[in-house]
Amino acid sequence: MSRVLVVAAHPDDEVLGCGGSIAHHTTAGRTVGVLYLTSGEHASPTVAPDQLGPIREQEAIAATGVLGVAADELTWLRIPDGGVDVRDSDQVGAVMTVLRRFQPTLLYMPHPDDGSFDHREAAALCLRAAGMAGSANFPEWGGGPWWTPTILGYEVWSPIADPVYLEDITDTLEAKVTALWCYRSQTQTAKGAGQADYVGEPARYLAGYRGAMTGGGFREAFTVHRLGTVPL
Amino acid sequence: MSRVLVVAAHPDDEVLGCGGSIAHHTTAGRTVGVLYLTSGEHASPTVAPDQLGPIREQEAIAATGVLGVAADELTWLRIPDGGVDVRDSDQVGAVMTVLRRFQPTLLYMPHPDDGSFDHREAAALCLRAAGMAGSANFPEWGGGPWWTPTILGYEVWSPIADPVYLEDITDTLEAKVTALWCYRSQTQTAKGAGQADYVGEPARYLAGYRGAMTGGGFREAFTVHRLGTVPL
Amino acid sequence: MSRVLVVAAHPDDEVLGCGGSIAHHTTAGRTVGVLYLTSGEHASPTVAPDQLGPIREQEAIAATGVLGVAADELTWLRIPDGGVDVRDSDQVGAVMTVLRRFQPTLLYMPHPDDGSFDHREAAALCLRAAGMAGSANFPEWGGGPWWTPTILGYEVWSPIADPVYLEDITDTLEAKVTALWCYRSQTQTAKGAGQADYVGEPARYLAGYRGAMTGGGFREAFTVHRLGTVPL
Amino acid sequence: MSRVLVVAAHPDDEVLGCGGSIAHHTTAGRTVGVLYLTSGEHASPTVAPDQLGPIREQEAIAATGVLGVAADELTWLRIPDGGVDVRDSDQVGAVMTVLRRFQPTLLYMPHPDDGSFDHREAAALCLRAAGMAGSANFPEWGGGPWWTPTILGYEVWSPIADPVYLEDITDTLEAKVTALWCYRSQTQTAKGAGQADYVGEPARYLAGYRGAMTGGGFREAFTVHRLGTVPL
Amino acid sequence: MSRVLVVAAHPDDEVLGCGGSIAHHTTAGRTVGVLYLTSGEHASPTVAPDQLGPIREQEAIAATGVLGVAADELTWLRIPDGGVDVRDSDQVGAVMTVLRRFQPTLLYMPHPDDGSFDHREAAALCLRAAGMAGSANFPEWGGGPWWTPTILGYEVWSPIADPVYLEDITDTLEAKVTALWCYRSQTQTAKGAGQADYVGEPARYLAGYRGAMTGGGFREAFTVHRLGTVPL
Amino acid sequence: MSRVLVVAAHPDDEVLGCGGSIAHHTTAGRTVGVLYLTSGEHASPTVAPDQLGPIREQEAIAATGVLGVAADELTWLRIPDGGVDVRDSDQVGAVMTVLRRFQPTLLYMPHPDDGSFDHREAAALCLRAAGMAGSANFPEWGGGPWWTPTILGYEVWSPIADPVYLEDITDTLEAKVTALWCYRSQTQTAKGAGQADYVGEPARYLAGYRGAMTGGGFREAFTVHRLGTVPL
């Protein structure tokens, strides 16, 4: 049975990027885990980081719960928000440890050309750790070698210039929108006018645009970085 | 007074890419022209090209009319649909002739990394012609040299990876949506299910996504290829 | 049942690029077709083009026969060798016609960054035609719309910088080597010392290198341009 | 009234990259500030870093004074020379603090493809900080959110492959040359033969080349990373 | 003895791009040939193409004569100005014929990222022809196979982002400037104010900038596309 | 007399990437040194890092000895395996110190687009240090300025997309293969099935592929980043 791991730089990226796909996986009975690199604790004009981190973690538990993910499949690395660093050996090792323990057959991460620095760095970190986790070297990070066969990149902050895979999420769009509503700390209501906010109606826009270009409905778009088998 | 020229590979690209911005220009009293490279006459499963070309031209007159563009400011090169070619000297010359006659201060074209081959070729053709039109050489294409100071690229088929300019079109979105409705030959009603169709609600999606990422409302996104002056 | 189409700029590219994978498909009972854009008739220092074209076509029939491909699944466009041109509407249409008739679920083509101009142009031609073939537009090229769900790029002249998919061909390597031996017109014996020649032992090298880097055996490497479903 | 901020990796970059443009801004009465990331204290074969830093700061005060910049508009971050690092949260925060306090409407930085590692890192740091400064998040770095509407990249060590904006500095070239003479610690007289040196006549060369290609005179060339409004 | 071939899209590119280096080669007794793809006959606001072509050819004979190139080593393909096309088999073949006859050991061409469409296309044409000329195939273009071991790209319209080789031309700069004066049809005197013009003083600027960045004097900058041997 | 320095991220990269070329240099009497950035101490599933580092250093002494390199020309920086970092001033300085002391006329490094993160970072580190070592600045890292005239990139983990230089190593291939056998800690025998392993027969594959494409025999492929003189 497939095992799906989603890596998010901040809580909410996992829903924005591939929430509709996550709902497909859980509906089909596949185990889905989420690895949060940071808890996004600097993302508020008013709530202090030591308060916001726990709040966003609770929001994440609720949001992914809407999508059918069990709370005990969430992993929190708690790298400081803004501090994801592909050159940090401990961060690389921590991701390796999760990969070797969870043993995903399918990995989602931010696409590597996202306009957000944190997302680009998260993608680089995933790719580096996924390469090293598959080697028998580095036993100090635990577990045996695990080669993740398929790796996709999702879009959040910047659209993907030329998507390779599009998943039709028309049937799970409402679950995705509902899940995003759990992230109330990230709305304009919480942050003030003029801030980015894709909770609510905007959550439909990018998927609607992707759908309109490819025959209708709503779709999530992905880059493909590794493919384990050719679909036949 | 500024003069604005929009280059479209096919009728409807001008509205999809920058219809909301066009409405701003006409409202402000600026002259807006549109140069249609092809008339998009192969874009139907049922209507023959020699019929579809004139239909789409009529749709374009109606659509741009909604945006405030005068019909006599539309130019039709009637390059065969699918045949835009940056290496064709006659095509390059024909665009040069239009640039020297219309003398735009602001030029819109498809962005050069669009996934549509025709759009990419149209962008290359615009950039080549704009470079040559500014030279005193090539008198055979008429007019004196005209250097277009500012050139922007709009998004249609593929989103721009990293937009440089975003225009808030919240106030002209409805005009854009209404203009797109004029292109009835390009809807799923006309073409059948499963075809790309962004007439109607989907016309709001990309602009809504761009807006959500930058503070709300609806925005059109652009690349910048030449800038005549720095805004101060 | 899956249907597999391989596009080759010249006879022998299909074996060099994905001959081991072809043997997998035919062994599994899938229909495999090959579309030869040119017949490679200029690839000899001594045999005239009007003779070499038919010779290479016969070699191709023999070679793909070794891999289990039926001779009547081979299509010859006979574009002049060296003349593949993504801007040529008739070439684009001819490829569209083949795609709509053969209806592949999996398409192989040269990868788009190959050092050979002809291979790069063949890749661009495939991608443009595959995009247009999926549209209900362009009925003049026959058939109904056909959207090829999965497209892979194989390596021949230049290696792929960062392969996304690797197929283990250890079990079909000998069939691939045998198939290549059918292309006797392309050997140093035929052409003289100092010419490129990967018939024989060299046919194992690139696959051996790819295998060595990923755990042993022999592998064919691919880029991925479209993916129809995520392997689970 | 516009407010202009120039970010320099080392003292002298601001004059080399956009000294002629700075003189335009000050002449027009706009406030111009300069943010020096490092004080360039390792740029001498003979003067010790703890002496050279203060020397180059004094040179900078003199040089920008020639261009009409007030000494109290210069900010010194004093990151160790060679140590600019887009991944360093404190550096990112320090730049954010300056952006929110100075509130530039126009920002100049090194262009992101400069051959100098330090310049590329400075560009990345500016873009990251400019993105974060515009968010209501990160109140710990002071001030309210400030979105810098227009960001240009200037050329110093490597020319820009394809400039988007060119400013005619024929009228301020002599001021730029005079300003560069203030950086006496960076001349071959100070460093010895064989070292890079564009104080004096060489200060005219790149601007002269840019001018020659575009109609005469002297020009500074820029990339454009954000544009606040379209010039009309 | 080395044989040097310079490919120019238009007469004057050879001097602008590598005139100082040409003078080094002729001084050292090496045979230098120039292949002019077009005769640049559209490069005047007032002189008709059928007159300008011969004028520029005479200018080229004079200019390269200043640099020590014999007039009978110049080859004129007379492709229509603006019509260089890497996809045109006859153009590819014509360049192959010249390469196989002249047998250069060192080839100069425009660098492939030049902002001029014609220059980019000329570079692509050179690389394609140089690849094919080295093959024993294509006997129809005459001569035996010739593999040009070293290929450099020079800069004219756009600077090279990251030069690999810099030749010190301080000692031949005056010859280069003198040679450029032969191209009187290309000056502002001939064409009018506001046109690009690097005859005269501007001819020193780019070389002066390259020199200033690398220790003084004047230098020509190059990309390297093939290298025959490693200098030791 | 030329002096050759090879930079390796891990012991064995120097042989894999350019072992055949090294043998040419030592046979010709040139001094060859190797700078090992790390000792690759994490590259084993069973041997602890503090044991593996010394083992791999001994393997390196043996391997390079096979190629004719003197043991006292090997330098060990002992950066932690996985920790090469172009942003680390001490690492940059340490490489500068070696460059200024060894004074190479020819430098080999990993090519900058290698799929291995460590190799890419090593390439960036070499290029940064080589740029700084040539300046009279930075006397704190010892020696006088040293400008390395020629820098090549070799291929190990990922092939070079478009090699600029190919060295025929047919005559030194066996020495290269023998040298690789010295790295017994890196074989599947040592690490287990399924791990990358190019000791033995696989050591011939990439060179054999490069040879087959260019006339036969075995070749090592290189990128070229700096060129000191043009071969004539």
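Read from first to last, the chains carry the letters A, B, C, D, E and F; within each, the first residue is number 1.
Keep this in mind: contacts are C-beta pairs under 8 Å (C-beta built on N, C-alpha and C of every residue); 3 or more make two chains touch, one makes a residue touch a chain.
If you're wondering where the values come from, they're calculated on a predicted model, not measured in any experiment.
**Q** Please state, in steps, how far subunit F lies from subunit B along the shortest route of touching chains.
**A** Counted as steps through touching chains, the separation is 2.
**Q** For subunit D, which other chain has the most distant CA centre?
**A** C
**Q** Measuring centre to centre with CA averages, how many angstrom lie between subunit A and subunit F?
**A** About 37 Å, centre to centre.
**Q** Taking the mean of the CA coordinates per chain, how far is subunit C from subunit D in Å?
**A** So the centroids are 52 Å from each other.
**Q** Identify all positions of subunit E at which a residue touches two or more other chains, and write them in rising order.
**A** 87, 115, 194-196
**Q** Going by the touch rule stated at the top, which chains touch which?
**A** Result of the pairwise touch check is A-B, A-C, A-D, A-F, B-C, B-D, B-E, C-E, C-F, D-E, D-F, E-F.
**Q** Across the complex, what residues on subunit E touch subunit F?
**A** 2, 30, 105-106, 149-150, 152, 164-165, 167, 224-232
**Q** Okay, in this complex, where on subunit A does subunit B touch?
**A** Residues of subunit A touching subunit B: 113, 115, 157-162, 188, 193-198, 201-202, 204-206, 208-209, 211-216.
**Q** If we count contacts the way the header does, which residues on subunit E are in touch with subunit B in the complex?
**A** Per the stated touch rule, the residues are 42-46, 49, 80, 82-83, 85, 87, 115-117, 121, 191-192, 194-196.
**Q** For the complex, give me every residue of subunit B touching subunit E.
**A** Going through subunit B, the ones touching subunit E are 86-87, 89, 92, 124, 128, 131-132, 135-140, 145.
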